[in-house]
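Before anything else, here is the set of structures, which you'll find just below.
Below are two complexes that have chain A in common, paired first with chain B and then with chain C.
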Partner chain A sequence: MQENRNLPNDAKTDTFFGSRINRASVLRISRRLTVSVGNLFFKNPILVGGIILSPVISAVTTFRSGVAISIAVIIICIPSIIISELSSKYAPFWVSAIIGALVSALMSVPAYKMISPLSPDIFDNIGIYFPIIMLSSFSSAFTHNRKRRIFIWSVTDVVCAVCGFAFFAILIGSIREILAYGTFNGKLLGIEFKMSGVAMPFFGFILVGFILAIVQKIKNSTVFFKNLIKRRKEVQ
Partner chain B sequence: MNTSRIQKKAPPHIRTSRTAPIILLDVIISILPLYFMAYIYYGLRVIVLGAIGALTCFLLNLIASALSSQKVNIYNIAPIVTGLLIPLALPAAIDYSIVICACAFSILVVEMPFGGCGFNFFNPAAAGIAFAAFCWPTSVFTYTEPLVKLPVFGKIVASSYSPAYYLKLGAVPKLDLVDLLTGEFVGPMGTSCVFALIAGFIFLLVRKVINWRTVLSYFVAVIAMFALFPRIHSDSISSVLLELCSGSVIFGGIFMVSEPVTAPKRNIPKYIYGFLIGIFTVLFRYYGGFEQGVAFAVLILNIFSPLLDLYSEKVIYYSRRVRIARKPKSSE
Partner chain C sequence: MKEFLIALLSAVTLQNILFTRGLGANPIFSISRRSYKTSALFCGFMAYFMLSLTALSFWVSPLLENLHTAFSSYVLRPIVYLLILTIIFAVTCFVLSKLFSDFFSENEKTITSACFNCAVFGTVLLTLSKPYSFMQSLGYASGACIGFILALIIVSEGQRRIELSPVPKSFKGLPVSLIYIGLISLAVYGLVGHQLPA
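What follows is the complex of A and B.
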């Protein structure tokens, strides 16, 4: 209802190309969709939230490790958040949070099985922090938001956030692999000048910081993104 | 009320003849003897290395200032000081690209994102040296023999190790005292000549560019640690002399520890800061992965520098309150 109030008057009554769906609902959906898509960058778990930062910094040093950790996040987070969102309709908030945590702990087993062949050393790099980080930060970031009561939008938000995470994890992994080892996906690129320090955690922090700065610069300067932020504020 | 004397301009309102460019120029003058000695030992290549470092830092500072909408000041010579200091802690045979990368790191990552000269949290020269050590440890810690003139262009194969490396292995390097003091041994190109370092130190001290408190406490800590916990089977004096002169300990103490921007501003924290850097330097040398440790120690203590200032203020404030409370009230 609050979203309808912000719409123009004609939009509340018009039909959408003669269909039964009125223009107001289309506008509302498009606005909400832009908010979800904004999760790719502006509400991205790595860049803005700063969560799940430690595995990216410590473990994502190659393209493959970036892909591996993205797959792990997809496997663990999407089911756990969906189930916790569903359970929140029928149970108190604290119960749904525990359910989400339990599901993510359960899903870390198949995630481990799936990504071990792809990147065998990723679990050695992050060790016990992997399930802990999954439980504490990512899932709680979505379950704690009491405003999102519509299930489909919660799922869309999670999917977009996970996609954003995957994009930046793979980007960071690729940059670090090229600079540190002179390879991409394990293939030699013929670069002789290598910087082994790039694979160290300190450079991960620096790289994430610079990417964040670039994203903020784009966010502040581009008109499209300004409108996107405006819509986000209107909806929220 | 006459308000014509009220200044409406932005601070600083008190100006002296000792401006930032003059102070930086003093630092450059104190560096020159080190380059001169390095030139005698290794030839023209060291001058080219210094010029490349200074030019890289200067140009990148201008570019970064322009990109970040800061005032582009072509008279800012702070990046030149950074660019001259970084090659001094590296071998004379080092690749030019490594020097460029180290300088670029110090300016683009350490200095400019925090607001440029005077606002940096970390010592840019120490960060550049640490970055080079992390990324190219083989190139940074293998040296050529002194008094062998190196070609300016072309790849040079360095295969000698510094006395600091042998000390790390537990061996006692055979070095004459005169060689130790004049720097005629394998090592970084500008950190081994103790005479030139002392000359620069005295010059900076006389010109009041550096604060003696930080440097004194640093050297006290370093000497005490080397004397009390020697890692070689030798007497304390030999241990102290070898450890002090074999690496970048003196160089770091004079040019990195005492940097006024990153060091604490109050006097008592200055003592603590220097002392802790000294202890960390020795710990890094003894237990770290590399033979040199002063750059890493400086970077670690840079983080705590504002905290030292803050807590010292609190301690001073509470101690004053306690003193006032204990003071007997004068009876009328």
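What follows is the complex of A and C.
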């Protein structure tokens, strides 16, 4: 209803191309979808609030580890965040956190099965940061907007945010692999100049800081993103 | 006692969970801007969960020693530790909600985030992956807590000073804080000692 308020009057009454679907609802859905897709960057768990940061800083040092962490986050976090958010409507906050923890623990089994074919030494590379994702998802859930929302949009937001995480994790992994080892996805690129320190966590902090600054610069300067922010504010 | 102190000092400085492993980055950012009371409460509960989980998991981990597969070390063991953490958390919340209901309702979110964060779980996983004795494990966990508090003080003071400085608009907020932590982390790595290739 709140979203309808910001729409022009004609949009509330007209039908969409003569069909039974109301034009207002089509506009509302398209606006809301734009907001959700915008969340890929603006509500990205890494880039807003530093959520799920530790695996990215310490474990994502290659393209493959970036892919592995992304798969783990997608499989573990999406169900646990959605279920803990659903349960928070009917149970106290601490109970929903426990439910989310148990769902995460359960989902770590299929995540392990999905990641292990990537590389034989993938778990040696990511180490303790794979199980840590089980609890990192709660950080995302806590910072998630806990206002009463339509379930489908809640799911869309979570999926978009996690996909945004995957995009940046793979980007960071690729940059670090090229700079630290002179390879990409394990293949030599013929680069002689290598900086082994790039694989250390301190460079992870610095690199994420710079990427975040670039995203903020784009967000502040581009007209498209300005309009997107305006639409997001309208919907919220 | 000597073992306890060595493990503690090592965890505070050379193996600081935030600066050397990036663990606890999310809670640091979420509580560094809050009041001293909330920060102290968060750190107190985090220490309680971390120490009790380390102690209980130390006694449970020998039961899982026969399972030497990658699945057991990366999935099964963490799930068991997570279940133990969940039980400790549930008992704590139940007792607090019954005995100190006002206090609990005020601080429910702080207590929950003090329990379910990567610093607590990561410390326990690191401690139990090393061939430590019981006292060493407790020393390492205590050191991790002290190291986290030290990191929190450094980061919140740094953020306060950065806010007063002329930082470019794009770097304001999280980016400059991350770069600041990265530079301190670099200094900590310098303490550990790295040699340049000849």
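Some observations on this one:
Following the convention adopted for this analysis, the second predicted complex is superposed on the first by the 195 of 236 C-alpha atoms of A that agree within 3 Å, B and C clash if a C-alpha of one lies under 4 Å from a C-alpha of the other, contacts with A are read in each partner's own complex, and residues count from 1 in each chain.
By definition in this document, contacts are C-beta pairs under 8 Å (C-beta built on N, C-alpha and C of every residue); 3 or more make two chains touch, one makes a residue touch a chain.
Just so you know, these numbers come straight off a predicted model, no measurement behind them.
In the superposition on chain A, A:Val103 makes contact with neither chain B nor chain C.
In the superposed model, A:Met200 makes contact with both chain B and chain C.
When the shared chain is aligned, no partner comes close enough to touch A:Ile74: not chain B, not chain C. Touch criterion met: A:Asn220 reaches chain C, while chain B stays clear of it.
Once the two complexes are overlaid on the shared chain, A:Leu212 sits against chain C while remaining clear of chain B. Considering which of chain B and chain C touches more of chain A, the answer is C. Contacts of A:Trp94 after superposition: chain C is touched, whereas chain B is not reached. Of the two partner chains, neither chain B nor chain C is touched by A:Leu27.
Shared contact residues of chain A with chain B and chain C: 197, 200, 202, 206, 209, 213.
Chain B meets chain A in the complex at residues 97, 101, 109, 113, 131, 134-137. Within the complex formed with chain B, the residues of chain A that make contact are 193, 195-198, 200, 202, 206, 209, 213. The touching residues of chain A, counted against chain C in their complex, run 47-54, 57-58, 92-94, 97-98, 101-102, 104-105, 108-109, 112, 116, 123, 128, 130-132, 134-136, 138-139, 142-143, 197, 200-206, 208-210, 212-214, 216-217, 220. Within the complex formed with chain A, the chain C residues making contact are 19-27, 29-30, 70-71, 74-75, 78-79, 82-83, 85-86, 89-90, 93, 97, 108-109, 111-113, 115-118, 120-122, 125-126, 129, 168-179, 181-183, 185-186, 188-189, 194.
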